[in-house]
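Shared chain: subunit A. Partners: subunit B in the first complex, subunit C in the second.
Presenting the complex of A and B:
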């Protein structure tokens, strides 16, 4: 069986590279370069991908891919999402319009999301409590999507692990549903 | 835009123009920042310059990561050799600032000539 792949996507500065580094068993592969965009308050930014992996202990390895965040790298979002088991969307709640940010990613992945295991992780909710998690859920609900939304600090391995656990549980539930349907 | 960025764009545009003239079979040249912004371009690009700049920066960064992981040092060039032409990329420096130059050619262009011309860009930008 092919090793499962989870894709971390989301806004610049939301912590995709950090999340993968927090979880990966090996030093992650990164493609960060110096940022020249004055509207982005960070020294370096991912322009290709991040890659890490986690040993699941049963001979399987979970592969973690991170996308660049900026819309101009949307082509990489699609390339990396091919054959993914799940999508983790990270949103930075300190950005000017986090709900719009979420909508951008929902637009980009609209063909995949209805059948894709997914979770939304919202960061910096302590400093920026608005919009609330319910408002994010409303954006998803308006599109007919039921996707868990959680507040996370991706610097904490436990938080990243929780996101991964959620999408793996979704994948398992989908497999069971499919098996039951096959037996009937 | 700062004076320095303005000057960088001017030199990048000159390099793009020169490269387009110097290489037989060259269709277009683009100079981008490593984080995917179009600084200058010349010739007939078959796609949006901003989109190509983003793609080129991703590919250059992936080449860099692959070289690093394979312990083969710093990459100089990447070549996408396709059925109807080539994309040849080279990382260069302008006053210590890293840039990526990409040359789009038809199949008539000789790879050795293209690589030599790209080396010349590095030299001309280096003294600009």
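Presenting the complex of A and C:
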């Protein structure tokens, strides 16, 4: 059986590596390099991908992938998301235009999102309350998407688990449909 | 046919012991929220009030003559947002930093108390005007938009119910069974979403050709999602230490 995977994507500095570290059984394998982008307030940034895993027993593992945040790596976003059980999009609300950031990810995953288990986690909402979660929902609604949008602090494992919990509930809802179709 | 015109009522927030930065936020939030609110809200420091907003811990004193303020809202220091924190009759509590959604939800609650019979300024729900105004009580429905945090918070299993409703159209009974949540609780949640204009009700399902199950037809509108058998989801929940009941 193929190992399931969950992909964490989102803006640079939104906490994808941190989120994977919160779940992974092992220290995440990262491809961070020294940051040379002056617009990012951090010393290192991911240029390839992050990888972590959770042992499910019986030789099966949940694979956790983090995409590189920069738009120039867009080609990798879809490669990593192919066949994923779920997509977690992390947005940093302290960036100059978080709604535009979300739109970029919605564009990139346009073909997958309508049928994909997905959730949007918005970080740093306490320091930067605007745009509001409602405005993120509006951006999704304009595209006909109903995707959960929640404020999160990915440094808190409970918040990361909440995001995973939601995409698993979506997977259950879709799976129930299949079960019913099979039984009828 | 003439379009109905609605005169927006003016309501006042009486601010007391508020920090300057909180006052600025309130004013910005009120401007931003005009489209979501049914009334025109203004901030005042004296006179009649429909909502008393208190920024400090000291006992409230209400300057000027006024009718009983319908609601009191207290702004306190602390993490997160706790609206509605107290009972229906006591002051509601919001925590700093003041959050837009929670503040607007508090105003909407006041409007609901004051103007229960006025139509909402929110976009009309995509439901047929039949079945006594609660078409979701008998049909299949799903969310047309993800609800605000303030709408979800009063419901214990709000996130779980909303998550199911964001994926597929279901009946009330199906929702209760799939989410393993009490039917009455589901009904309360669905009513709240319906009244907020967030439900779209599927047209009555056409008879299916023989051999095409209704559930399969419902699934068809979403395309093919990545497969995850129930055993795998349970194992993931168990391994990660997530409750089997799903998101609360």
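Criterion: the second predicted complex is superposed on the first by the 179 of 184 C-alpha atoms of A that agree within 3 Å, B and C clash if a C-alpha of one lies under 4 Å from a C-alpha of the other, contacts with A are read in each partner's own complex, and residues count from 1 in each chain.
The rule is simple: a residue touches a chain if its C-beta (ideal position, glycine included) is under 8 Å from a C-beta of that chain, and two chains touch if they have at least 3 such contacts.
Predicted model, so just to flag it, every value in this text is computed and none were measured.
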For the combined arrangement obtained by superposing on subunit A, do subunit B and subunit C clash, or do they fit? fit
Could you tell me if A:170 is touching subunit B, subunit C, both of them or neither one (first, second, both, neither)? second
Counting residues of subunit A touched by each partner, does subunit B or subunit C come out ahead? C
Based on the superposed arrangement, let me know which partner A:130 touches: subunit B (first), subunit C (second), both, or neither? second
Quick one: is A:26 in contact with subunit B, with subunit C, with both, or with neither? Answer first, second, both or neither. neither
With both complexes overlaid on chain A, does A:57 touch subunit B (first), subunit C (second), both or neither? second
So, A:140: does it touch subunit B (first), subunit C (second), both, or neither? second
After the superposition, what is the least C-alpha distance between subunit B and subunit C in whole angstrom? 25
Where on subunit A do subunit B and subunit C both make contact? none
Interface with subunit C, subunit A side, in the complex: residues 4, 23, 54-57, 60, 62, 83-86, 114-117, 125-127, 129-130, 132-134, 137, 140-141, 146-151, 161-162, 164-166, 168-181, 184
Considering the complex alone, what residue numbers of subunit C touch subunit A? 25, 32, 36, 79, 97-101, 104, 142-146, 148-149, 159-160, 162-164, 166-168, 178, 213-216, 218-219, 222-230, 232-233, 235-237, 239-243, 246-247
Subunit B residues touching subunit A - in the complex, by the definition given at the top: 33-37, 50-51, 53-55, 57-59, 61-62, 64-65, 69, 98
Okay, in this complex, where on subunit A does subunit B touch? 29-37, 45, 47-49, 68, 70, 72-73, 75-76
